[in-house]
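Input: a single structure, listed below in structure tokens.
Residue numbering begins at 1 within each chain, and the chains themselves are lettered A, B, C, D and E in the order written.
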Amino acid sequence: MNFLRNKPIQYLIVALICMIIPLVFKLQQSTMTMLNLAVIYSIIALGFNILLGYAGQISLGHAAFMGLGAYVSANMVSQLHMPFLLSLLVSGLVPMLIGLLLGMVALRLEGHYLAIATLGFGVAIQQVFKEWISFTNGYSGMTAKFPTIFGINFRSREYYFILSITVLFLLSVFAYNLLKSKTGRALIAMRDSEHAAQAMGISLFKYKLVAFALSAFYAGIAGSLYMHLIRFTEPNQWGIELSLNLLAMVVIGGLASIEGSILGAFFLTLVPELIKEIPFLQNIKNVSSIFTGAALILIIMFFPYGLARVGTQLKQSLLSKKKKEQLT
Amino acid sequence: TNQEGNTEVTDTANNEQEEAEENNIELAQGVKEDSIKIGTVGVQSGPLAFIGTPYFAGMEAYFNKVNDNGGVNGRKIELIKKDDEFNPAKSLQAVESLIYDEEVFAIVGHLGTPGVMAAVDTVKEAGIPSVYFGSGAVQLTQAGENFFPVQPNYVYEGKLMAKYAVEHFKANNLVVIYRNDDVGRDGLKGVEEGLKELGKSDILKSEGKLAYNSGDTDFTVQVQKAKSLNPDLIIIYGLSTGTAGVLKEIEKVGFDVPMLTTYSNADASFLAIAAPGAPNMIKNLHVMGWLDVTEESLKPLNEAMKKYFPDAPVNAYTMAGWVAAETFVAGLKEAGDNLSWEGYIEAMNHLNFTEGLAPEISYSPGVRQGVTKMAISKVAQDESGNFYFELVSEFNEFK
Amino acid sequence: MKILKVENLSISFGGLKAVDNLSFEVEENSIFGLIGPNGAGKTTVFNCISRFYTPDEGRIIFSPLTNTDDGESRAEYNLLDYKVHEIIGKGLSRTFQNVLLVKHMTVLENIMLGEHSTTKGGILSQGFNLPIVCKEEKRIREKAFEIMKFLGIDDIAYQLAASQPYGVQKKIELGRALVSQPRLIILDEPAAGMNHTETEELAELITKIKNEFGITILLVEHDMGLVMNICEEICVINFGKKIAEGTPEEIRNNPVVQEAYLGKGEELNA
Amino acid sequence: MLKLRDVNAYYGYVHALKGISIDVEEGKIVSLLGANGAGKTSTLKVISRLVSVESGIIEFQERNIKNYSPEQIVSMGIVQVPEGRQVFPQLTVKENLMIGTFTRKDKDNIPNTLDKVYTYFPRLKEREKQIAGTLSGGEQQMLAIGRALMAKPKLLLLDEPSLGLAPLIVKDIFEIIKEINKEGTTILLVEQNAFQALQISDYAYILETGKIVHQGRANQLISDQNVKKAYLGA
Amino acid sequence: MEILFQNIIAGLETGSLYALAALGLVLIFRTQDVINFAQGEMAMFSSFIALKIWQNNMPYPVAFIGAIVFAIVLGFIVERLFIRPASKASLVSKMIITLGLIMIIDGLAAAIFGIDSHYFRKALTFDNLNVGGVIIQPNALFIILITITIMAILFYLIRKTIFGIAIRATAQNETTAKLMGIPVSKFYSLSWVIATVLGAIAGVLIAPTTNVSTTMMMEVHLKSFIAAVVGGFSSFIGPVVGGFIIGILDNLVGMYISLKWKTVIVYGLLIFVLIVKPNGLFGKVQRKKV
């Protein structure tokens, strides 16, 4: 059973279970759409966590990358009639190139200044979406089709779920491998002490670019998957609100944690919808927003290291209590 | 665009048709002996809730009234409401939930262009009747036989504004200040098209097209530019806050010129925020209208609102919701007991509804224009200083 | 043979000349001390050598022995041509006056960080966990353990670096500098915060590093016991200028140094 | 003046202080010695109420201060020079010094104290307007000590004041400590430089892994062969 | 020429609204290193209080003071209830708390006050001045004046008094600040209270321009961030000048370059300014010492 300790294998098992559940138990279609969305947000959150959690670089403009991925992929599939898989890859690569630009900005800026510069970047890109009609169809919005891979059409929400989980799984394993080796150490070192990192031979230039490029890549992939699930997009979606939501996902899920990114994304996608379903709350206006806000705050107060580390945190406090008792 | 999708859909549609032929009293989903379940989707929370909330209230008020009077053919109408937060993905999710999980008979009054557009394919593939869209998107007139848009689309309204500009205002020099988004851009496009068809393209120069952004608070540039062009009419194609902001600036610099704005602003709540900031210049303002807003015809709405939602305001959005419900029920009455989807669509194809707030709503096979007649009203002031709209033209069509 | 030559180095901050036309040379495989009163400019010199600062004037030449295919050869680098992160790859590593460990890493990971520049494998091969990456990880891990054993901190390999006492943190930093297989290590006050016994251990350790690994050591330190004990040559600076240079014995008895820095002889040995 | 009885403290589940009892008499200099990680800093933090105590008694001038907040401790006259020169890096030297006077009531005497600190550390006067973060290590240490002196404390807690200071200045520091002690400030001193610390102290405690293993009059400890071997070096 | 001046004057007025909103933001940033995303929402809530008082036929000054009193309470409660319990959380986590606050405050405001926009009067309602064809509203001058006064007071407080030094020290190193006897937690309360009051003042003065509604501060708030960053977070003059610059730039770009692309251009300029001066126009550049 030793191989079960291998993280990628654990991921694989979880992924397989998740794929099978909807096939066995028929879930409602809208629920499946929501779960698909949660998986897609997990992908962008994962990329964003590499940036924020590991590399310590903030961005408040990441929604723009997801939007870019969505538009690139819609154009490639619908206008250029490219195969979906190729489009998926390209819709990761294009934002990645733009991500490099943002990385350059990050070389000069820190902390809150970086936050605002990236926010400005996001707003500017969003504005480009609004004005560049030939690429985005402006406010009228862009439509897309369900993807076809090797002749199989992913119109059913269950099949689509298999597709999105597969992508999430692959990207999680990639992230895991990367973060446990040289790059991961370099990013963390850069986050904790730029001086120490530099002295150890870590090029801030290289690793800031790597972090921004990777996270933009993940965002673009998520955008493409979103586009072919919802089959419609328009510029207003890719604004600050989504970028801030993303930030919230990663923080409450757990910074610098792959599982945390996924937990956070699921939390912020599902919880507001579930709250709306609670019968006796339905008459209160804006319950969902109020309760989601409260939940966010409570999680940070009680589990400052995020949902992913709730277990460890509880274990530790129990342990310290026990040890103290033993000692006194 | 969607090859595979389409064939499959026609397949299922065929199946249903066959079933219906075999068994004539087969009712569509959502229809029961004494009830009929329908759904609606719109924004109820977040920054745009000010649109969706009164809109839903208007709809509910009408359905409540119908139900209190015994329903339609003995069937009470059960309305399922979904909040999409103006997010297209959530809107799609809501529509899916209504069609496949709640299994409603029809979607009524789906609100918000992005959400409507995101769900177009799904609604089309399902074949479910969708009546009234809280959207001025022009694409809906071509979306399919099961789509029944009602409110004028922005492009059409723009065209009609051009016509009024030329015929009513005798304008020779026009300026358009528009909200730089789907609403304003479609409106501007309409004005341009209208002028072109009227052979008057020269009265709107490219310097005369002035955009503002939805969040703008400072309209100095737009008003200064407009002023320097010396126009004889300004069309303001924007929603309430922006339009009020423009008016305030116009008041500030004392710019005395006739103005025309969209039907979205044709209600008292707009006057309430715009008038105090521009007490003089607002009297130059004209609004388009597609509804008959005389006290007389508003009476049922006002009464129903007083009864069911005493605290809610009655504004353009309430009226829109009311019309959505009216239109759906009109179709329902027309269809009688033939409550399959085909039956309803068939009935709507012959609808000519004239008893409602809108002067006339009619469809025929292949024609999904919705409302085409609009009139203009001017802002006036009564003795006690209150502002109100005064109808100053007939209901006209473009052409 | 000189491994490091600092020539006419000057740097100023605002109006303050922190280092003023300073030159000194460090003999290969020796322990060289750079001492001087507080604010004399020692850390600033280190920061210039490790390229955190760019001097206003002067040159810094680093000429380590490098292993090439056909035996050892001597390279010559003008350090001012390189960026901070390129220095360690040339065979020069450093520690910091205010210990700079990566707080959220274990001791082991901190030390592995020192091997960053010698680890092979690109982003993609790491992401796909190619065999070369596994092999490299294994190699640097073993190397890290070797160093930790040498320093006697292998038992805390998996603990967080930040919760270690100050003295241990200094050792971890030393290990991190050592693991990159440098030819020259520059140490900024390694004994600060250590007590007498610990300082003696440190002295042994530094000598051992020199002897066993053949690494040259350039040292800034205020603990005169340590400096006099292990340094072969000492350069004394004050106000950024060199005021004396020589063997410990010469320095100890130099009146200028006594006046500016040491105080009278007897107090020294206390 | 200060009394600790059987104090236990934890970091998470690390038992850092295991039943520490210490007395500091008014007007005296008391040293706290021990190897790395023995718990010296933790003891000072417990007194300043930065680390919470699990059990035990902390009294200052007969008052139980266990539930006081750090700022209350300071206003009672206990001021600490923290380990590792914790200056405020973005403030100027002068501003750092002024922070020291935050709780002082006798605002009129502040210029005097400032003059005094400047005579102790002339370098600080030269650098009055420099941003503290750019000072050299030793200069920062001087600043940290000077800042505490600005508060005119009744009890001064010094955590390794000689850290990173040049030999001449170290000598000065111990002179300064003696001097302010003479002027009425009681001192609790943590030092690695044990020999010099004992020379100016009246009494000393030796800590090992969170426990007090030796204590006694300073001059006795200096001559105690065991202590000398284990803690002071030959 | 008149048009140019008209645009600049209007830009100054709008800019001072951004600046006013930014001052509260910067204050909290300076004391706690936290960016308070909810600053705008808190200001919105206070503005509603003023509106309600005014709508109940109370005189304008009463409404104004009512909003300020409310803001004092609100700032205190928010700090005690939401920020302090999370004192151990990281800085980004605190940012998320303020995001959560947005959701709560927005939700509550909509539930309590409804979702409609309301007209609110100006502080000064004298007739407009006409200076050589340029029309100036006395109210605009009043707003600009208030902004500069508040800026000056804050500047003095932070730069010159022992409290100011203590506030800055606390932001740099909380633990050591405590060791110096600074009542850190009281300072935090106080800075939230002051910041919320500043927000309320901004809100009440902005209301005549944006109308009072749950969304009234959205755009202003965003611009105020940018103002703070362009000017530099490390001073109080910076954000004010930053606000003026953005207000004027917005108009000039719209006037002379393009109304449609002005957002892209202004944000592009912002990023450019930051790249050239990474600490903002008034921020100090510091060589970090190792």
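In this section, a residue touches a chain if its C-beta (ideal position, glycine included) is under 8 Å from a C-beta of that chain, and two chains touch if they have at least 3 such contacts.
None of the values given here were measured: they were computed from a predicted structure.
If you take chain A and chain B together, the chains in touch with both are E. The greatest centre-to-centre gap from chain E, using C-alpha centroids, is found for C. Averaging Cα atoms per chain gives one point for each, and the point farthest from that of chain D is the centre of B. Across A-D and A-E, the chain pair carrying more C-beta contacts is A-E. Centroids built from CA atoms put chain E at 48 Å from chain C.
Note: centroid distance chain C to chain D, computed from Cα atoms, is 30 Å. Annotation: 43 Å between the Cα-based centres of chain D and chain E. For the pair chain B and chain C, the distance between mean C-alpha positions equals 74 Å. Across the assembly, chain B contributes 45-46, 49, 180 as residues in contact with two or more other chains. Touching two or more other chains at once are residues 195, 285-286, 288-289 of chain A. Of all residues in chain E, those that touch two or more other chains are 106-107, 110, 222, 260, 263, 287-290. Touching chain A in their complex are the following residues of chain E: 29, 35, 37, 82, 85-86, 88-90, 92-97, 99-104, 106-108, 110-111, 222, 225-226, 228-229, 233, 260-261, 263-264, 267-268, 270-271, 274-275, 278-280, 288, 290.
On the side of chain A, the complex with chain E involves touching residues 52, 58, 105, 108-110, 112-113, 115-117, 119-121, 123-124, 127-128, 131, 195, 240, 244, 247-248, 251-252, 255, 284-290, 292-297, 300-301, 304.
Interface residues of chain B, counted against chain A in their complex, comprise 1-2, 4-5, 8, 45-46, 49, 83, 86-89, 92-94, 96-97, 100-101, 113-114, 117-121, 137, 139, 180-182, 185.
Of all the residues in chain D, the ones that touch chain C in their complex are 11, 14, 33, 35-37, 83-84, 123, 134-139, 141-142, 160, 163-171, 192-196, 231-233.
Touching chain A in their complex are the following residues of chain C: 50, 52, 83-89, 93-94, 96, 100-105, 109, 112-114, 116-117, 119, 121, 123, 126-129, 133, 136-137, 176, 180.
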